[in-house]
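Here the structure is laid out as structure tokens; the discussion comes afterwards.
Labels run A, B, C, D, E, F, G and H following the written order; every chain starts at residue 1.
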Amino acid sequence: MDVAIAGGGPAGLTAAKYLSTAGKKVVLFERKLSVGGGMWGGGMAFPVIVVRNDSKHILEEVQISVKDEGNGYYSADSIEAVTKLCSSAIDAGARVFNMISVEDVLLKGKKVNGFVINWSAIEIAKLHVDPISIRANYCIDATGHVAEICNIVRRKVGSLNTPSGDLEKERSMCAEMGERTVVENTKEVYPGLVVAGMGANAVYGAPRMGPIFGGMLLSGKRAAELILKKL
Amino acid sequence: MDVAIAGGGPAGLTAAKYLSTAGKKVVLFERKLSVGGGMWGGGMAFPVIVVRNDSKHILEEVQISVKDEGNGYYSADSIEAVTKLCSSAIDAGARVFNMISVEDVLLKGKKVNGFVINWSAIEIAKLHVDPISIRANYCIDATGHVAEICNIVRRKVGSLNTPSGDLEKERSMCAEMGERTVVENTKEVYPGLVVAGMGANAVYGAPRMGPIFGGMLLSGKRAAELILKKL
Amino acid sequence: MDVAIAGGGPAGLTAAKYLSTAGKKVVLFERKLSVGGGMWGGGMAFPVIVVRNDSKHILEEVQISVKDEGNGYYSADSIEAVTKLCSSAIDAGARVFNMISVEDVLLKGKKVNGFVINWSAIEIAKLHVDPISIRANYCIDATGHVAEICNIVRRKVGSLNTPSGDLEKERSMCAEMGERTVVENTKEVYPGLVVAGMGANAVYGAPRMGPIFGGMLLSGKRAAELILKKL
Amino acid sequence: MDVAIAGGGPAGLTAAKYLSTAGKKVVLFERKLSVGGGMWGGGMAFPVIVVRNDSKHILEEVQISVKDEGNGYYSADSIEAVTKLCSSAIDAGARVFNMISVEDVLLKGKKVNGFVINWSAIEIAKLHVDPISIRANYCIDATGHVAEICNIVRRKVGSLNTPSGDLEKERSMCAEMGERTVVENTKEVYPGLVVAGMGANAVYGAPRMGPIFGGMLLSGKRAAELILKKL
Amino acid sequence: MDVAIAGGGPAGLTAAKYLSTAGKKVVLFERKLSVGGGMWGGGMAFPVIVVRNDSKHILEEVQISVKDEGNGYYSADSIEAVTKLCSSAIDAGARVFNMISVEDVLLKGKKVNGFVINWSAIEIAKLHVDPISIRANYCIDATGHVAEICNIVRRKVGSLNTPSGDLEKERSMCAEMGERTVVENTKEVYPGLVVAGMGANAVYGAPRMGPIFGGMLLSGKRAAELILKKL
Amino acid sequence: MDVAIAGGGPAGLTAAKYLSTAGKKVVLFERKLSVGGGMWGGGMAFPVIVVRNDSKHILEEVQISVKDEGNGYYSADSIEAVTKLCSSAIDAGARVFNMISVEDVLLKGKKVNGFVINWSAIEIAKLHVDPISIRANYCIDATGHVAEICNIVRRKVGSLNTPSGDLEKERSMCAEMGERTVVENTKEVYPGLVVAGMGANAVYGAPRMGPIFGGMLLSGKRAAELILKKL
Amino acid sequence: MDVAIAGGGPAGLTAAKYLSTAGKKVVLFERKLSVGGGMWGGGMAFPVIVVRNDSKHILEEVQISVKDEGNGYYSADSIEAVTKLCSSAIDAGARVFNMISVEDVLLKGKKVNGFVINWSAIEIAKLHVDPISIRANYCIDATGHVAEICNIVRRKVGSLNTPSGDLEKERSMCAEMGERTVVENTKEVYPGLVVAGMGANAVYGAPRMGPIFGGMLLSGKRAAELILKKL
Amino acid sequence: MDVAIAGGGPAGLTAAKYLSTAGKKVVLFERKLSVGGGMWGGGMAFPVIVVRNDSKHILEEVQISVKDEGNGYYSADSIEAVTKLCSSAIDAGARVFNMISVEDVLLKGKKVNGFVINWSAIEIAKLHVDPISIRANYCIDATGHVAEICNIVRRKVGSLNTPSGDLEKERSMCAEMGERTVVENTKEVYPGLVVAGMGANAVYGAPRMGPIFGGMLLSGKRAAELILKKL
């Protein structure tokens, strides 16, 4: 396996698509029955997503219809967006597994080199059943606001590749900057582990915001680019 | 609205696609955040669906990769199947709404002519909030095993278009026949209301079985054909 | 006590207002912390109610702003409607108790002559604590779709004042008729017990529908008129 | 929008009324189906509120019947108080939305300039659906003991306009002082954000007490006055 | 064992006291941690019970203070009543076990001759653990409104010693009669099984009412007398 | 597969052991994480089982220590009993799968010829995931009191091989007979389906009793013998 | 009111009895429906309590039968113990209220002078209803291991009358010393507030142990003696 | 009692077997109905365990079938492993109690000398019932990842026999080392208390990993050896 991705929301699916397109062997694990994360719900349950000019091409590349709303904003059907992002990743060769939880990471020396996984049904049912492990050259934490994988690694290794070496506190910031920061915060936080999507903001202390789907798409793309430089 | 569909599983999505392709105005209401129903989970959580020769073309028409397993059986990735069925319906013009529950039907004289809908979040949260109604020339009950809409109509009108006028009891039957019967049972059970998918078997007393996704696809297609003859 | 009312939704509050205005001693018991029932939520959580010409005056009599929507329909703010209906009943002299459940009725000979009440917190907390009883010349069941009080009486006395002597089944009916029937079904279903609001439809088998707040207001007014003729 | 208020209890409704009366555009978001907060329940579920001379006028201005209990104390029906406070705010022009949760604030530079809102049904149903944001010149945190909005801002900006810059600890204090302090503590705790009602005591470390509805009414009025000086 | 009693509410405790006083070996099983049943809560959570002249002596025999309320009614502290009824039964020699559920009866030929018991903690914890059985010459069902033991026997033997041979429907009846009927209905409903307390009304179809503690005390005493004639 | 067994309690494990010992290919599906069913808990949570002379040999054949308690009764450690019964079945060649639910049966003509199974974690987690089916010449319903499989077949085929063709009602019967009847009731209730253990009593209307582990062991053995005559 | 007691377990009931016997006006608030606390359950659900010589007289003074178990240990029926302790307190004049929660304390200057109470049903039902306050010269915290009242005071005033001024950590200690320490730790932890029963150990850091009912009785008696010296 | 063991997973059962075989009086308390812990579930619910050469003999000594998987790895049926480990411990003389929770330890001077136990059903049912205590010369904490007993002792005595005197933080480490460390970490962490199984890693800060059943078996054996040297 070249890359293992935890989380099948917009950032994880986008990363999967670009990495697979580049010929890498990619597997994506989604905890729920369905992929797509928060994108299904659009904003406040109206199934529409709004993106800016800089991420519009990611939608258009996978044939999602985009409507110009003026002022550099574009809208799309959130259900169309989820389904086409996902099928484009599969078409590019990514292997998507649903109902699988990433419980832990494999650490080899000072590098993350895989995930420890289990059926999420077992987690929900609170059965006492042990997980198994799978190896990958690179891992992406696209689990969202909670940044679960980054938290696990931080707890185990004591220090991440962040300014303080730790998870940052949420900072005060103008809301408009949220989308830009989620892309900038997409980084290799520990050797072998790249954080993408809202988890990137959570790790680097940027504000939690309303739907900034454009930022998540760009973050997924950036995570793919970072890894492609290394592999 | 020409056709309103309750339930976004494989039968509902397939019906939506064929009806929209034929130029009808279609709206589909799905109770959950994501469409796809039981198809995401494949069989026993392995994300693979198996269909027979007669339904393979429905998958292929929407560019789902199909693998020949011999003996007239074909397999596909269940996640690819869900996402491509859904995006093909949207591409054909269907309007898909998630997080909406169909609570009741509108009855005008002796015909179903619409749905009474509400946010499913309100149902889950058990808030006391009334629904609103929407009109449609034809309605499809694709809610699955429970056949919720058929049950509502039966309770209200006293008699359905079934052999006994009532919901039938589950009959003893060879398992192989299940897939065929789900297609045959796809009928207009009351003026204005067509039942499709596993609900068709539930109404006509055919056995509940394991994954017969092929039957559900064919049932969705047949429901579309039945309505197209009338509209 | 002249009249005891179970349920503080629109029908119960309206009945309380007209009965108090006519000089009767009225007490209303509401199970929840707040009165208003389903009216707070308007239709599908948009806080607006829509009524027809025949019930508009009930809103206007209590200074609720009404907007003409054309075709004989009028809209109002649902929150304004609840609060003004309630305060008008209190201003007229009705005594409103919240957090009280009506658990049973008092029967004297062949007449309902009061309620058996308890704290609803005790019900929710599932504590084993007995209720107490209060007497009233007339009782109104304004508990809504469930028609709890009518069900209790039916179970105890064996027969109600309905066509079959029993609770009727839900009938097939044009949706537009629902609002009219809720008023017609407002009757003395057993000596001493008048049913009002959606419970009236539930007892007489009319369809459960979306928000027909106008019907509920008229039903509450009719319940008051029926009782005023008797007292 | 001039002012956005989070929380529809007595302080929030009173603030809404005075601000609207002064001609400001006001919107109030209440998480529950009904406004009124703890005032419905009076003291220990007996639906009566007791206020002192200094807040009596707020009740009388909206035609709530007040009974002299001697020693400078006055009682009123708690249900009448809730419904008339709310309808007076609506009559003055305030727009009240129920079933809406304030999840976060908008920060622009060093000023709160709006709320991030969602359907509370979505929160209760634990659906993964993103919120949207709305702008306002001033915001009021009237969410009560929890002071949710102040907590969010404190976490994000690091320092509030309190003696310690932080949320204060609950202090020892004579109970009679509670009512006075809730008014004194009604302040602009961060540019653009005024705290009112019991949240004011929670932020400034005054004791949590039994029902001091008079204090809450005065606090709501003071919050309105503070903002009117600025706008 | 001479007599086994299921249920430690007022009827069960009273029966235990009179049977033990008469020299019988008595064991009482109470499902909860504490005995006393609904008597702790008095009426609507005010800890007072009200009885009539005919049952006053049962309270006075165990030194419970009784206050004359006029019109043949007497009140007592409900907590004093529970604790003294229980300790008088223990002083008389009864053995009281709490936290034990009676799951079933032993049937020998056409007679109830014991109970099948288990820890109620096991029931609550839903553990799969089998019960054990204990024998007794006579059994009393003092489980209250639900009349659990009578229901079990009815299901197993097909017919009880009631007018219809079955459990009766709740009848219409003047509330004042409830207390008298609970005593009259205290009978041997099947060989070896006497029903006492509110269960007696439940079996014979008398109305469920508010607190009629006097009737329950008399019913417990009568159950004891019926059994003493047989043993 | 020769025989598929649903339920890994004492009857199912005993049947598995005798069938495997006779050379049949046996698979046993247990819903829980651990096999053993109610035998772990002994009687009322004291980990001891008591059997009579006629079933003692089944324990002794698998080296379970048995203590003579007199009067033809023998006791054993319930934990030793579960673990040795299970390991003896595995040693004999049976394949035991835990955490698997039997959701339905396969019917071919008028014969049960397999089970429809799923992960029980998926059932508990209430995920919408379809089952798969497995074939077997004979099936045993050892699911206990609920007799789940028999109920499914009864619902589907309309008639079982019982005196009434239906599930029988619980009959009145001397408790001592319970153990004997569970063995006598071990029968082929429908072609291809044998019921064993407490389910046998449930189907044929014998009483539900306390721990009669001896009867369950003998029932499991008898089920094996019945099938061995046919295969 | 002279003394208000929070908690009706063995320590609270014993304190109530001695204070009332000495002529003080005592009120005891118990959160549950029944008083008695953990004493009902004896040890590990066997309804027996074991005490030593030093506390035996407290049982004997209220006519509880005591059995000499040798070595200075005595046993009693736990149900008899609860009921007689409680009725002796009531006979001595104490007023016991069940189903009442103590939510907070009243602080006047630097002294606890009363409790803030509410219906516990309202707490359980999570209704938003405010409490009321009652005054008393002395208060006893007999709420058990949690020492709720002491915790509230500590949080509000910053310092208790303990060695560190704070709640102490649990210390290592020989189990036999637990009973002695619970008596020694019975102290006035803040002016106006005495802690009794297991809460005394919790505040002073003594170990949590198995049933030491003798210590709790002695602690209740000591709390009474401490207060009688002051009043 | 020589040794008391908390937890009946693979480490606890193995320790029980070796200690009993050496002639010690051993009692093992398991909280659940069944022993075996996580071993029933194998890896990700496939009932297979994989061990290395160094622990294979522990399986073979109790007649568990072992299959050579190459590279020094061996597999076994997880259900066979649980049942044979347990029955071998019982055959060796260990007394196993299920459904018992260890709530606390007995401390005498500076040594653990027993457990404080209760029915786990009482814990689950949240009944207020006190535990009892049992003495043992040595205690083993085999409760798994949570290391409950070690945590209790740490809280009470302030310092454990670990490098820091406290529970260690989880360290970064190559996954392959986990199995070895669980054996090395099996130590007497406080006089009288040995930790075994995954709890050993939890106390000493080694990583939490997937199924390392071999390590748990060896850890149980080592715990037995450590104690045998002392007793």
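Annotations for the structure displayed:
Criterion: a contact is a pair of C-beta atoms (placed from the backbone, for glycine too) under 8 Å apart; a residue touches a chain by one contact, two chains touch by 3 or more.
Please read all numbers here as calculations on a predicted model, not as lab measurements.
Ranking A-H and E-H by contacting C-beta pairs places A-H first. Taking the CA centroid of chain F as reference, the farthest chain centroid is that of D. Separating the CA-averaged centres of chain B and chain F is a span of 39 Å.
Note: centroid distance chain B to chain D, computed from Cα atoms, is 48 Å.
The mean-CA centres of chain A and chain B are about 32 angstrom from one another, to the nearest whole unit. Counting partner chains per residue, chain F shows two or more touched chains at residues 33, 40-41, 45, 99, 119, 121-122, 127-129.
Under the touch rule stated earlier, the contacting chain pairs are A-B, A-D, A-F, A-H, B-C, B-D, B-F, C-D, C-E, C-G, D-G, E-F, E-G, E-H, F-H, G-H. Across the interface of their complex, chain D is touched by residues 104, 106-110, 116-119, 122, 127-133, 155-158 of chain G.
Chain C contributes residues 33, 99, 119-122, 124-125, 127-129 to its touches with chain G in the complex.
Listed in rising order, the residues of chain G touching chain E in the complex are 33-36, 40-41, 45, 47, 77, 79-80, 82-84, 86-87, 90-91, 96-99, 119, 121.
Those residues of chain E that touch chain C in the complex are listed here as 37-38, 40-45, 169-175, 207-211.
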